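Each of the two complexes below includes chain A, the first together with chain B, the second together with chain C.
Up next, the complex of A and B:
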């Protein structure tokens, strides 16, 4: 914090020239950035630290100590209760299945939609994109009842496909919006070259456009996966049997009407973020590329 | 041979199915024909849904009920446990869909079970009440939440649910802290304020509560009740007549809370505390008194390790917040309404009720002599005292579907000093009347 006070107005442009000089001491601005980065990292790690500290406390220990104190004795009671009372592997599988299907299907649908809107340049495309975007803008509370009736009639309640269908539509609406503007600026020369070479539309899409925008597509896929993974309200409505729950819904089961078994909830949360961390480690490069999604070289 | 058995089972199952279909058809309309004739339901499945923890008093008792049910009827139970908030959000749709459970626990009160009853999402149980004689087992005050009229207002009309347990709100106190400072446990209202002042003089905040969740709202209601009679409760809860929002009951409640906050009896931190935080302050031994419900009792017995705690009813009051507990309801799409009724009846049996009491719950139909655990006895004694003076007065947030949040926000205003007691009463009146005015 002291470093922040020392340098109220860092000017990054002045020290940009001698960046290559590794031997020189760090400038004030760099110290500020470093401190800020460390503080930011601490802020992000802090909740996980809380989880780690409290997941291994017994309920009595938790009730009689502050959340920042070390456990008196290592207790696996919370973790055991969570594992024994909740079918976590099943919920994990449900979440993975639903999120994977949504991310794949939604990306395919987005590509097909945006090919028509961005490359095909259909009439009234701005309005079409706007209509698509409505799917994202409509509050999910409004979809709750009509979709519930629909899936009830179709016999899809407590079936993962009810959630998959819903979120393919919602996610691909955003995907269509993003990809349409991206493909709208797609270099004409490449398309013309493809058609001179005798490529059909389908061939152009498959062999020319998709390979070029592939980085963006993989970013979209990862985002769709994460967004669907974290969805709560609509899955809550459609998935009612214990076997069909997703991970966020399973954690919600641990909240009581007036009482919550906090240590079990914390232990459950700790277990349920493990897959998310693994997922992040696998896809972290794709995620960082997400910052530049939408730009073509 | 194997095929023949399968075929025979299939025929049996089909027969049983059609039987159920017939009897459930008239079971809802007329007479006592819903009663089990043969009692053999082998091959049938009853889907039971509830949201109580496995280790809670209700969870334990209902597991016993499921065991007995399976043994007696031959049917199997498919138990679906859910969360209170989940079912609260989805019951309106769920109970009217193909995913509906055959019998479910549901939250009592006008805004919840009442609404489901009024919209026809749960079945009336008048015939079952007649067949099984449940009404005789439920005392007055408990049974109010089992009946709803055509507008979904509790207290009259058809039977829609069966409560298995009761609950009420009282004072938990830390005996060691009272002893340490030489303060007497309050027995009347004057001594309550003296005791709180004595704690403040010692630098201890005497009363832990939460304005973000239910505890402070219930304290407010208790203070109003201490000045009220039954007709005020009927006006407030059952809309029998207009509530006087400038009357002595409400003025006393809001005024006293304002005084207590100013005197330091209630911490300013209460506005940001959850019920869990408030309870933890008591369990930690930070605060000597906590006003909350019987649902904390089992937790206190388990988690309070460093001191002796005691329980007592709020001093100087005939009326106490409390009611029957959540109720068993039969959704309109239940595939086994007849089995559902048998199951509900088993939950009212003395064995199940006694286990509920032994485990720290408040049974509605138990023989008190069956309960031997001294801690359980202490709680039931306190509850009986309330019932003897016909004291159960429900909860402050029941009159409107949004009053829970409304009341909490006003309580936060009082704690923060943003509103005076009079302003608080006006705000509460506006919230209350905007919904209730049309129902009167």
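Up next, the complex of A and C:
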């Protein structure tokens, strides 16, 4: 590439240059580019701002005013209707229960798998990782009908465990892949020291390896939680009674009902976003750090 | 001592376990794979085997008998208008989920890192990054309902209200149910909106690897922003571009929820995507064998795309080395 060659080797002293870079006034072009970046971010949050602006309008107010106008009076009618006609707390609990169970169990399964693959170096482990990764590749419509019949036979339909079981497998596929390469480079000296001290494998895993990789495990848990929370197709197929719905399913169902008033729908959408926003604020750092963990080794 | 540097890596399958062995050798490690293997067998491989087998049968479902169909289902696939249409749409989905977000993501990441981060402060740039990322953690179903509110066909829809104010006359366009072009465009906008944050975050992390002196040197040399972007940014983060392209292409081939929520496949089945088609056939169709054929075809395609990508990447890495 000829373009790269044009960049000269940096001069030995960087100190003075750094100062010069900071001191240099910002150019017009830089302000323009900042404005573009901010406008782009505004475009991203714009739909959510619209929700906030319109969720507190009464139906009459909504019908008579533009979407960008402030509500004439703060009305909680939409929110009250949503709360009274839908069992949102139940859906919230279902989502929390399913996502929590999946993130815990999937991390345990990932650790067990990757212990055999990364530490135990069992024969054919490249293939084993690929077999597990299939769980991540397979489109969900391939799983949906056979699993529906299977869970029907087991009496698990509309039971949160049908979704938990399924997503433990799908999420632990990614966990196994990530942890196997991490444990493959686990410091050998620590393992040998544990062995000299007479620790069994199980003991080494539980008391030595897991505490050391705990930061990675908690990042994985956060991601498994969100991924499971956001799932749609398979929960839609498996959870059919009104008290087994998750938050996305509840909102989708409300959206599908013809008689739903628009302000109720707006209020419901806003309320459904709130748990995600809270989660985002708590785990923002973990999230932005974590997304890149699996990307490029 | 074990620290003698190994020149030649032994065949990987013969490498010893990393904990010194005293008892049963490596056999004990297999025990740890039992739960994972049982689960993946039941939840992933049992459905795959069952659907691939079913793709060679006609079956109404339930207690109806199965009739052997040979390759009939597979042949029918290639003259099935709905199936072919769903694959045409997949190309547009790839534009919306892979190409546009990757290109926009490159520009935004470079802007945030190179201009905002260095010239206006790291805090502002990480705040903007978080904002771009927000739709990524929103449930797609919730995002879809939000967009379907904005795009409502009557005067309840935000977009119609906007246009009414702008044009001064009553606008009531049926964006999602009226015609193919507006319906598909709406689905694509939703996908871009959801997808954009992913490449931004990945690319910005990649840029942290780049030596800042490189930028400063180029800047002193009079290289403008675009020249720096082309000569430094782009070559440095090529591996990440690759990973983003791979993961989002696979996600695009499997896409379901945006179509289900926004258009439900309409108007008149024109916005079908393969996943949605398979789902519809399983639920409402009269031949689960055919539905299984559609699902199997998508699965094969996804696996083939994944293999091609990994091959190409390995070759590129070897060339670089």
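Throughout what follows, the second predicted complex is superposed on the first by the 225 of 297 C-alpha atoms of A that agree within 3 Å, B and C clash if a C-alpha of one lies under 4 Å from a C-alpha of the other, contacts with A are read in each partner's own complex, and residues count from 1 in each chain.
Just so it is clear, a residue touches a chain if its C-beta (ideal position, glycine included) is under 8 Å from a C-beta of that chain, and two chains touch if they have at least 3 such contacts.
Every value quoted in this text rests on a predicted model; they were computed, and no experiment measured them.
Peer 1: Taking the superposition as given, does A:94 touch the first partner, chain B, the second, chain C, both, or neither?
Peer 2: neither
Peer 1: After superposition on the shared chain, which partner residues are touched by A:34: those of chain B (first), chain C (second), both, or neither?
Peer 2: After superposing on A, A:34 lies in contact with chain C but is clear of chain B.
Peer 1: Give one of first, second, both or neither to describe whether A:276 is in contact with chain B, with chain C, with both, or with none.
Peer 2: The answer is second: A:276 touches chain C but not chain B.
Peer 1: Applying the touch criterion given at the start, work out whether A:162 contacts chain B, chain C, both or neither, answering first, second, both or neither.
Peer 2: In the superposition, A:162 touches no partner, neither chain B nor chain C.
Peer 1: See if chain A has more residues touched by chain B or by chain C, and give me that chain.
Peer 2: The larger set of chain A residues in touch belongs to C.
Peer 1: Considering only the touch criterion stated at the top, classify A:75 as touching first (chain B), second (chain C), both, or neither.
Peer 2: A:75: touches no partner chain.
Peer 1: In the overlay, answer first, second, both or neither for which of chain B and chain C A:218 touches.
Peer 2: neither
Peer 1: Quick one: classify A:249 as touching chain B (first), chain C (second), both or neither.
Peer 2: A:249 sits against chain B and chain C alike.
Peer 1: Is A:142 in contact with chain B, with chain C, with both, or with neither (first, second, both, neither)?
Peer 2: Only chain C; A:142 stays clear of chain B.
Peer 1: Between chain B (first) and chain C (second), which, if any, makes contact with A:103: first, second, both or neither?
Peer 2: neither
Peer 1: Show me the chain A residues, by the header's touch rule, that chain B contacts in one structure and chain C contacts in the other.
Peer 2: 63, 144-145, 249, 252, 254-255, 262
Peer 1: Going by the contact rule at the top, pick out the chain A residues touching chain C in the complex.
Peer 2: Residues 1, 3-4, 6-11, 14, 17-18, 21, 26, 29-30, 33-34, 36-38, 40-41, 44-45, 47-48, 50-51, 54, 62-63, 66-67, 109, 112-113, 115-126, 128, 131-132, 134-135, 137-147, 150, 165-166, 168-170, 172-173, 176, 186, 188, 191-192, 194-195, 201, 204, 226, 229-230, 232-233, 247-249, 251-252, 254-255, 262, 265-266, 268-269, 272-273, 276, 279-280, 284, 287-288, 291-292, 295-296 of chain A touch chain C in their complex.
Peer 1: Quick check on the complex: what are the chain C residues that touch chain A?
Peer 2: For this pair, the touching residues of chain C are 2, 12-13, 15-20, 22, 26, 28-33, 35-36, 39-40, 42-48, 50-51, 108, 111-112, 115-116, 118-120, 126, 128-135, 137-142, 144-150, 152, 155-156, 158, 161-162, 165, 193, 196-198, 201-202, 205-206, 211, 213-214, 216-221, 223, 225, 227, 230-232, 235, 239-240, 243-244, 250, 253-254, 256-257, 260-261, 275, 278-279, 282, 288, 291-292, 294-296, 298-299, 302-303, 306.
Peer 1: Using the touch rule from the top, collect the residues of chain B that touch chain A in their complex.
Peer 2: 51, 53-54, 80-86, 89-90, 93-94, 97-99, 107, 214, 275-276, 280, 283-284, 293, 295-296, 299, 302-303, 305-306, 326
Peer 1: For chain A, which residues count as touching chain B in their complex?
Peer 2: 59-60, 63-64, 85, 144-145, 148-149, 152, 155, 157-158, 236-237, 240-242, 249, 252-262
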